[in-house]
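The same chain A turns up in both complexes below, where it pairs with chain B and then with chain C.
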Partner chain A sequence: MPWTPSTPRPRRCPVRGDGALEQLKREGRIVVVGASLAGLRAAETLRAKGFEGSLTMIGDEPGEPYDRPPLSKQVLLGKARADRTALPRLRSVDATWRLGVPAAGLDMAARRVRLADGDEVPYDRLLIATGVRARPWPREEEAELDGVFVLRTRDHGAALARRLADGPKRVLVIGGGFAGSEVASACRERGIPVTVAERGASPLVGALGGVIGAVSAGLHREHGVDLRCGVMVTALEGDASGRVRAAHLSDGSTVETDVVVVSLGALRNTEWLAGSGLGAGPRGIACDAGCRAFDIRGIVTDDIYAAGDVARCPHPLFGYQFLSLEHWGNAVAQAGIAAHNMISESTDRLPHMEVPAFWSSQFGVNIKSVGVPSMGTEILIAQGSLESRRFVGVYGYQGRVIGAVSFDHGRWLPFYQELIESTAPFPPSFPTVDRHPDGQRPMDADFPDPSVPSHGPTVTLSGYSPADRRITFIPAH
Partner chain B sequence: MTQSLLHQILDHANRADPYPIYEELRKTPVHHEDGGPYVISTYYEIRSLLHDPRISSDARNLASAGADPLAEETTPQEGALPPGFLKLDPPEHDRMRRMTNRHFGPPHSPRRVDDMRPELHDIVDGLIAGIDDPGRIDLVEQFSYPFPVTVICRLLGVPREDESRFHTWADTLAASLDPDPDADPAERGKGANEARMELGMYLAGLIEERRKNPGDDMLSQLATSRGEDGQMTTMELLSTAALLLIAGHETTVNLITNGMLTLLRNPDVLQRLRAEPKLVVPLVEELLRFEPPVQLLPQRTTLADIEVRGVTIPKGSSLWLVLASGNRDPLRFENPDRFDPDRPDIQHLGLGSGIHSCFGAPLARLEAQLALSELARRLENPRLVDDPPPYRQNAVLRGPRHLHITCDGIRP
Partner chain C sequence: MVRIAVDLNRCQGYAQCAFLAPEIFTMHGDEALLYDPEADEAQRAKLAQAAAACPVQAILVDAVDAVDAVDASAEAVSGAR
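Up next, the complex of A and B:
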């Protein structure tokens, strides 16, 4: 049985050292930057594990921590209000909240976080959980047209929901990833005409490959989405009063629209760390398996941790590749590990080795994935069938199972997760209930050429390379 | 010679406290006695087998494997009702379960169960009010049995007056789930098939009536609605209705009775429940872990050779998943033999897991919550008359046959 965090582990005797750790737990100062999912869950874990010192939560958003997944689902359907998605509190965190003010700098030597309002907050341990933000439409004047939206925050969700409630003529979604597909699905459910423009050959192709992408394309079309694949939006056009009125596509066509949702993936919130010496850049914050951040020299810090969408860590199951994941469950799990490690002796620290897992809900279908499908090269439909749109697809990479995706078949996924954890051979050779004849043989998973940019796949694999390297490693001959 | 563990599980003498046997069993997580089923008793192994697509719930697979004498009883007979979705694999299982769920749970009927709350409350109230002598109560006869039965009848639209007719069929069918080694399998199989047939005929009459005069009950809806999966055939409808009716009979009864028994054995918790009614939610979860009404799942078959903890279970083997044992696995739960409604992280196996996880779970939970909080609130100073109480024979659906209690009075 692979080790899971809920498995009780033998306890070690705490009598050791100079008591510094005990002192940290009693009267230390812990600062969390990024007061959202990962930040909040880390704070709760710190308290649950007996941290009694001062805790400061710094967040640039004004309100209390809230949940994002409903923003592209229930909120757009008008079934939940954007200001009512506060994250449930698992316990009191008794923190000093510095909300509505971004962290603007980090002095690693002096152990201080600088805020945009000029204040400085000292720490003994720092957790960075600043997440990602929506990649904006690249042309600024066009991005500022009235009717052009991105979707990441509660304010975005509320504004877009309001506009959808007004009954727009047509919504154009740029980018057919998970978020874009969910937006399109919500529009259709509300009876709003919608066009999706996707650069790749099908929606979800970056995350799940072309075989599953084709299923997704079918879903879009069956639900009345005007799906345009293999095209790019080249320009947005506004009217005299500054409202968007049309979009121009690379195939020469034009889409008349009064709402545009730009859904082109995300940018990591690391700019504030520029020049700090931390190994942070556009790909996120590099950290070790215990969530300790690296500095730009590749040396692990012992007082700075990272968790959630902004972190990227080596994963033993995936060849120690650095993974950054935009997955809700990852943020929660990593926050727990980071919090634990921040107040533990080195020998008691835990690695973050959760198998990545993600869910989405669109066009009435519940989609779930485990592992890293985008690493797979082949796919086998192990249960159910593509035609029925109820199936489990298993991804293979170099003869082993590396990921799985289910459409309305999520209850089976724990099994495939175990296959991934145990590096089981691919293709799986055994019979299963509900195995169809077309699921006997693996096929090419059909991922797009990684050198062609597409919307974010929500999982990024990256070798370790901090953005602004000051030391260049030159191998000796 | 000492009795084999399998026989000890089935031996009625151990029904009141099977947990020491389970503890013994867990020493060999994959337990196998000659020619018998492979018995799985540890939490993580059970949980993973519940999600394993190489495990079939379709008795026909077991029968065709042929190695197991217990298989005979489940061999479908000519003219019998087809199996309910409990004993089907996907895709048939999924289709039937979906069509049934349309009228029971989200997304199509998200409020169905919760909307029954006032009605359930009235039933509970009526049953408690009807207790004539607070000094002599048989909780099973006077409360835990009539409550869920009335509820499932209302839900399905089956006349409560007919209860005495289908009670016997329900009993026979529930008993047939118990792999009792001393009963003649052929005889029992025959009895069960007859009971199913008779129940089927009874339901067929009702359904015909509902087709002409539909109400807002589930039978009417199942009989008349047509969704994305089409419509159930009459045979499918009959076996689904029979399944729901039986499941509604024999599980919640035990959950409620076991619950009251546990509370009376833990007076401090009973006291707390009176003071903080919200405790009932985690309390029922802990109950499902501590004394689950379905103790084991005896009818799964392996479709391939499967390795569990270093043991290869050959293709075509019969599996028993002892949920109640997994729920007391110390590798998963701290102090597993302690009843502790404050337990954090309680993902028990009491309602199963995977595609066959209890279909009626939302209703069963609500029933147990209402029943236990009302009983706790209204019975004054309740005490057990005999501990342990007498149990039914069934090792699968385990629960007391009677629960004699006494109390000083009944609060309004």
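Up next, the complex of A and C:
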């Protein structure tokens, strides 16, 4: 119909369509499943960006959102209490909190989340930030022995810290990834004898490769850890009262221990979405770069978003592979992007393009990383030296810089992040300060064959189907 | 009580916080930072100084009281409003 001056249309913002978005922001219902770091930061962002409707936060744990990194560090050292790590509130979220009850189902057509207690919560926009949980010891009767722990939640941290304070005879850590290494480090700092059993050739090998893994192994041993690599724990044995007393290893040896910390990585909390039609599976929830979740047909939804450890989304810097990241910074950044996009017109949406970054501190050394080291095939020590355990290692993949790791050299990492972002050539063509001549040659980064069991990296490059386990990089357990 | 979190991706170990509020922030080794995630109300001013002095602005401190969250969870009602 031709436009005529006699039929003036109500003036709205240009490209603002039918006003549905304004209505959503004014009186819509947004539900966030997962009341941890990503969920809280998303809620704060929604309010900061002018969302005035109702906000419901659903969390399976009873308390308010708390910070996890201190649990394996300050808390185990006895320098902070596990029940006192609640996250600071950056702004008021004015939400209805449904805590202590997990989500149990999703009806995408009716736009409702079903809770484990039978309640149903309707939404106009849904954010899924259900994260991961600790992978339990596979044999249930052994996992239930007194003295066998995992470390993921505040309750886990409190229980393990209590037991460490009692002065156990020996702690056995199963798995030498970042979390397991931090536990071992805390034990040694408290003077507790500790054994680490790692299936791979060295600690951290899945995340950082064998060159750096060897440095980590040296740190473990120098600090008095009884480090056993290339072995698996085959069985845990309890005494008559149901307390763990020993672990049997695949090399035939036995470790007498009264505390076992199972540190075998994490499982994504997606089971509650089974049968919902959402593209969720053991690899996480597939979403687009704007955090909108895919359904199982590969069609992107417009009302369901994912953020944090449970999300996996394509990253242009890493070949558009779906990345899932168990990183604090990723949860914060992705939550902010998801929240923004939930209440934005399609043309105003933002992509989640944060370069992965994480930190760990263990045995007095600050380890930081940017990019995706586990994608690298070569490594070059650009600054410092492996021997001094103060260095920056740069990872190369197909002639470009793909990641970097620092040991007590964190201040240099932003520079290497820029190289990753600009797909700079590898090996780097410029001289660096604090460089050692023998470090300037690229060498094999020595990542384990992904088909050989070892601990998995915290960065996972995964395939495209949510159910597909034959993927590019297989986390081991 | 004031809650604290530090974005340790940002933190580059300048240790300004450890000078200004040593009861809360300590260096652990040459570069790693350890902090108490909860400080007493009496330390709020010092904490604010430490957060402001951080060259990379990595220290996150309560900007609002979170008591409402705890209360709301106790009275959580069925469904959203």
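Following the convention adopted for this analysis, the second predicted complex is superposed on the first by the 452 of 477 C-alpha atoms of A that agree within 3 Å, B and C clash if a C-alpha of one lies under 4 Å from a C-alpha of the other, contacts with A are read in each partner's own complex, and residues count from 1 in each chain.
Operating definition for what follows: a contact is a pair of C-beta atoms (placed from the backbone, for glycine too) under 8 Å apart; a residue touches a chain by one contact, two chains touch by 3 or more.
Keep in mind that what you see is a predicted model, and the values were worked out from it rather than measured.
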Review point. Given the touch rule stated above, what does A:D119 touch, chain B (first), chain C (second), both, or neither?
Key: second
**Study point:** Partner chain(s) touched by A:K79 [first = chain B, second = chain C, both, neither]
**Key:** second
Check your understanding: So, does A:D67 touch the first partner chain B, the second partner chain C, both, or neither?
Key -> second
Review point. Of the partners chain B and chain C, which touch A:Q383 in the superposed model: first, second, both, neither?
Key: first
Practice item. State whether A:A95 touches chain B only (first), chain C only (second), both chains, or neither. Key: second
Practice item. Figure out whether A:R411 sits in contact with chain B (first) or chain C (second), or with both, or with neither. Key: both
Exercise for review: Quick one: classify A:V433 as touching chain B (first), chain C (second), both or neither.
Suggested key: first
Review point. Looking at chain A, which partner touches more of its residues: chain C or chain B?
Key: C
Check your understanding: Considering each complex separately, which residues of chain A are in contact with chain B in the first and with chain C in the second?
Key -> 364, 390, 411
Check your understanding: Which residues, counting only chain A, touch chain C once they are in their complex?
Key -> 29, 31, 54, 56, 62, 64, 67, 69-70, 73-74, 77, 79-81, 84-100, 119-123, 328-329, 332, 357-359, 361, 364-366, 368, 390, 408-411
Revision key, fill the gap. Residue set of chain B touching chain A in the complex reads 44-45, 47-48, 51-56, 58, 89-91, 94, 107, 303-305, 331-332, 334, 345, 353-355, 357
Study note, to complete from the structure: Residue set of chain A touching chain B in the complex reads 1, 6-8, 364, 382-384, 388, 390, 392, 411-415, 418, 430-435
Study note, to complete from the structure: chain C residues touching chain A in their complex are 2-5, 7-9, 11-13, 28-32, 34-38, 60-66, 68-70, 72-73, 76-81
